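Next come two complexes built around subunit A: one with subunit B, the other with subunit C.
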Partner chain A sequence: MMVFDAVLAAACLVAAAMALFARDRIAAVAAFLVMGLLIALAWLRLGAPDVALAEAAIGAGLTGALLLRSAHRIPAAPTKPLPSAQWLGAGVLSVAVGGAIVWTSMSIGAAPAYPPLVAVAVPESGVENPVTAVLLNFRAWDTLLEIAVLFAALAVVAVVKPVRPRIAPLGPLMLPFARVVLPLTILLAGHLLWQGGHAPGGAFQAGAVLAGGAIALGLSGAVRPIRWGRAGLAWLSILGLAAFAVAALAAELLTGALLGYPAGAAKAWIIAIESALTLSIAATLLLLFFGPAERH
Partner chain B sequence: MSDISLIVLLPLLAAVLTAALPPQAAAVGALATALNALLAANLGRQILQGGPVTEAIGDWAAPLGIAFVADGLAGVMLAMTAIVGLAVSLQAAAGPARAGFWPLWMATLGALNGLFLSSDLFNIYVAFEILGLAAVGLTALAGTRAALRAAFDYLTAGLVGSLLVLLGIALSYSVTGRVDMEAVVLLTQSDTGRIALALIAAGLVVKAALFPLHFWMPAAHSSAAPAASALLSALVVKGALYLVLRLSLEGGAGTEFLRNTLAVLGAGGMLWGAWNALRAERLKLLVAHSTVAQIGLIALAIGVAGNPFETGLWQAAALLMLSHALAKAAMFLAVGRIAEALGHDRISGLNREELRPGPAEFAFAIAAISLVGLPPTAGFIGKWFLIEGLIDEGGIHWIALILLGTALSAAYLSRVVSRCLRGGPHVAATAQRPPWRTGDVAALGLATGALLLGLAAALPITLLETPFA
Partner chain C sequence: MISDFAFLLSGAGLIGLALFRLATSADLLMRVLGLNVLAIGIAMVLLVAARGAAGTDAVPQAFILTGIVVLVGVTAALLALAERVAEARDE
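Up next is the complex of A and B:
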């Protein structure tokens, strides 16, 4: 496996370099997509399947779709090379920061405080997957704020009012493809959501998969999800933050602790919150892709 | 429900409501800001009476869980945010409706409250992400080409800052094995830990727009809408400055290397910002460059404060943050009103024959007095505190720099004040005063607040003197 890891690390670097230096925007985005998938593989090798799933679905998949959507509107990279002083400055800075990181991460630090604490507390968390226990119970406040980050991102896009993507017919195979893929993504999203309780998975991955399916449907031109469902999507997109915040305060009313789920019912609370988050994340990503409002 | 839970969640719920119901957004937003002010006042009272208030989220003890700690410094920051927020909300609710303002402002408020109360580095990073994105949206709100460009530059600079902060937190996890505030003092004990701290601080320097990494800020703060500029300049940059101060406090003697750097950068920013403000041709740009100078002064105050376990000099920095927030928000709101009445904001065009000075000009002048630091304003108390402490410690060269910065700030602000308030023969006899608007109340209220805070400075100082948790 040593050889595999070395090849994987080198391939990540090559893909990153291609994304940086490709003159053509589409080629650069393609290289970025490949890099995302390779990094997902690297996370798997590092024993973090949850991160791998999220990286593949969000880092490579949806970010790639967003980048491709904008790529053709941005002119090709300028041919004029950077001034050599700038190259030198950037090079020195990168080497210095990179060196500091390598040195710090190579030197032996204190043992992480969390694994033993998590191992002790997981049985009380309501779920068996330690990652979900951290994200939705021990550090649920982080996750609530992350949902607020998504909310803020959508609010910014609503202010900037990007031009809608023009949906060109994608050829005769698109509709049959969407017919197969969409039901599969719904099944997969539900599976990931439920599986998050005891194995890698969860709301972010499920929401991203769901959004991917819906984007495929929208791009197929079969339905215009944006035309009929904008109001519904807008409500769904803010549902996550609303539900999570209300649940946090409701839990405090019941148990006296903010986000402290009632004993024995933690799993139900977590799954309920995650279900709202899945729908909300999918709607947010969909609106980020198709644009939340008409440009005037 | 505890005050802490409410003060962090109420703004987020209000953000959702204002996004869902645009026609009622102003009413919901103003109500939420008023409730936020009540909660902040009540929390401040609890801290004064019984010392710091803490809350473990979900009843999980740190470091496994995340704890909120409302100590004196957090209390002062919450109060600062609440007061500025009230005034800005008043101006925004009375002014022309801008779609998108309220959700962004409510998200900013929630992020700031969460940031000041959290005692977990990673959690603070997430709060910074909300703050940074919402601030980009606030910058873009004006909708002009210049505003969109400034917003994009802001986004880029903010992302670089975020990446540095996140990198620093990741490294500090690898060095200390934890990400709560307890990690900071452990970080100061090794070279690798100090590198992690330096990376976090570098990211915060970008986010706080501290010289020489302030390049993105004057354009962003000067091209945004008045209410947004006031929020960005008075509150958003304070988030990063607050965390710098908090790191300095947590690290004690071990963060002296950070303080030394901050003092030098701060002095540079104070002079460079003042120089650019002296040369600015537009009023909003002058005010934005003055923010660069004032952030420099605050960073200098954090930097020269010495080991916080031995001296209380760091309190001067907190007082300066508070007084700058009030005065600068008043100034941006007043400038918005002046530009609206004149139709432009060229400084050379502030001399006018047909218009007498109105409440906005008056508010600008009072805010200027507080920024310069004349008695009895809040700015005076902060500078007095700082200089008094420096005299005791023999930091004469720092005092000279602060006095030079003060003289420069008086010079650039009088460029505006002398033109705004000039009466006499060159004003036509038929000249009229601009009519009163609700927005004037906000600017004037904040400026008067900065003035009165100087007289009531005992309150924030008592809060700051409450012992830490």
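Up next is the complex of A and C:
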């Protein structure tokens, strides 16, 4: 497997170079998508399947879709030839930073401090997957703020009001495709959500899969996410943050600790919060893609 | 061990490439793309650092998951702003 890992690590670099230095923007975004999938595979090899799932669904899938959407809307900047000193300086600086990172990582000898602490506390957390335990129990406060950041991004996009993507209805094969994709997406999202408690998965991956399916259907013209209630989607995107904040305050009242779930009931609290988060993240990502507000 | 070193080199290489692109490109879309590559490279270095005898540390994994979700929000906001900048240039 060592050869496979070395080839995979090199392939990630080649795909990144193609994405960053391609002349054609569509080719650059395509290479970025390929890089995202290779990176997901690399992270799977590094023993982080939760992160690999999120990278494949959000980092490659949704970010790729966003970049592709904007590729023809942002005109290429007029290329002024840069002075060769700037090329040289940038090259030296980036090689130096890369080298410093390798050298620092190699010279750290101390064993990580967290694994024993996590291993001791996981049985009390209500879930068996340590990553979910960290995200929604030990460091739930960080996740609450992360949802707030996502909501802030949505607010920025709502103020800026980007143009809506043009939707071209596809041919007669669209309906059979939608009939397969829609139930499959919902099933997969529900599975990922429930599985997050004991195996790789969770609210973020589930929400991203749900949003991906909705974006595919929305772009194909099979459903009109904008027509069926942008206000409803906006409320849904607030729901996650609101439910999380209410849960934090309720836990504070019940146990005296912010987000300290009552003993024995932690699993129910986590599943309830994750369910609200899944719907909310899906709605937020969908609105980030299609634009939350109409421009007049 | 060799595998970890390969992935460490790959992560550092991603960071270097992205920094180089960010320093030499004036194209807004490519800058957003470069920012994404930079974040992925940093996540890769973090993940390699999280490797240990007892598997991969869950705390950095949670950091990276948070980072990925924040990054998609930042990307969407930056792209919306870049589109607006492009429109303002046209007018």
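Assume the second predicted complex is superposed on the first by the 282 of 296 C-alpha atoms of A that agree within 3 Å, B and C clash if a C-alpha of one lies under 4 Å from a C-alpha of the other, contacts with A are read in each partner's own complex, and residues count from 1 in each chain.
Definition applied: a residue touches a chain if its C-beta (ideal position, glycine included) is under 8 Å from a C-beta of that chain, and two chains touch if they have at least 3 such contacts.
This is a predicted model, so every value here is computed, not measured.
Asks: After the superposition on A, what does A:148 contact: first (subunit B), second (subunit C), both or neither?
Replies: The first partner, subunit B, only.
Asks: Just to be sure I read the superposition right, which of the two partners does A:26 touch: subunit B = first, subunit C = second, or both, or neither?
Replies: Neither partner.
Asks: Between subunit B (first) and subunit C (second), which does A:133 come into contact with in this model arrangement: first, second, both, or neither?
Replies: Only subunit C is touched by A:133; subunit B is not.
Asks: Could you look at A:112 and tell me whether it touches subunit B, subunit C, both or neither (first, second, both, neither)?
Replies: Once the two structures are laid over each other on A, A:112 reaches both partners.
Asks: Have a look at where A:184 lands relative to subunit B and subunit C in the superposition and call it first, second, both or neither.
Replies: neither
Asks: Specify the partner with more touching residues on subunit A, choosing between subunit B and subunit C.
Replies: C
Asks: With both complexes superposed on chain A, which partner does A:254 reach: first (subunit B), second (subunit C), both or neither?
Replies: The answer is neither, since A:254 touches no partner chain.
Asks: Scan A:121 for contacts with subunit B and subunit C and give back first, second, both or neither.
Replies: In the superposed model, A:121 contacts subunit B only, not subunit C.
Asks: Just checking: does A:160 make contact with subunit B only, subunit C only, both, or neither of them? Give me first, second, both or neither.
Replies: Both: A:160 reaches subunit B and subunit C.
Asks: In the overlaid three-chain picture, which partner chain does A:54 touch, first (subunit B) or second (subunit C), both, or neither?
Replies: second
Asks: Which subunit A residues contact subunit B in one complex and subunit C in the other?
Replies: Common to the two interfaces on subunit A: residues 97, 101, 105, 111-112, 114, 118, 139, 142, 146, 149, 152-153, 156, 160.
Asks: Touching residues of subunit A toward subunit B in the complex: what are they?
Replies: Within the complex, subunit A contacts subunit B at residues 97, 100-101, 103-105, 107, 109-114, 117-118, 121, 137-142, 144-146, 148-149, 151-153, 155-156, 158-160, 234-235, 238, 241-242, 245-246, 248-249, 251-253, 255, 257-261.
Asks: Give the list of subunit B residues in touch with subunit A in this complex.
Replies: 1-2, 4-6, 9, 12-13, 15-16, 19-20, 55-60, 63-66, 99-100, 103-104, 107, 110-111, 114, 122-123, 126-127, 129-130, 133-134, 136-137, 140-141, 148, 151, 167, 171, 173-178, 186, 192, 195-196, 199
Asks: In their complex, what parts of subunit C are in touch with subunit A?
Replies: 2-4, 6-21, 23-24, 26-30, 32-34, 36-37, 40-41, 43-45, 47-62, 64-66, 68-77, 79-84, 86, 89
Asks: Which residues of subunit A touch subunit C in the complex?
Replies: Residue list for subunit A touching subunit C: 1-2, 5-6, 8-10, 12-13, 16-17, 19-21, 25, 28-29, 32, 35-36, 39, 42-43, 45-48, 50-51, 54-55, 58-59, 62-63, 66-67, 69-71, 73-77, 79-80, 82, 86-87, 89-91, 93-95, 97-99, 101-102, 105-106, 108, 111-112, 114-115, 118-119, 130-131, 133-135, 139, 142-143, 146, 149-150, 152-154, 156-157, 160-163, 202, 204, 281, 284-285, 288-289, 291.
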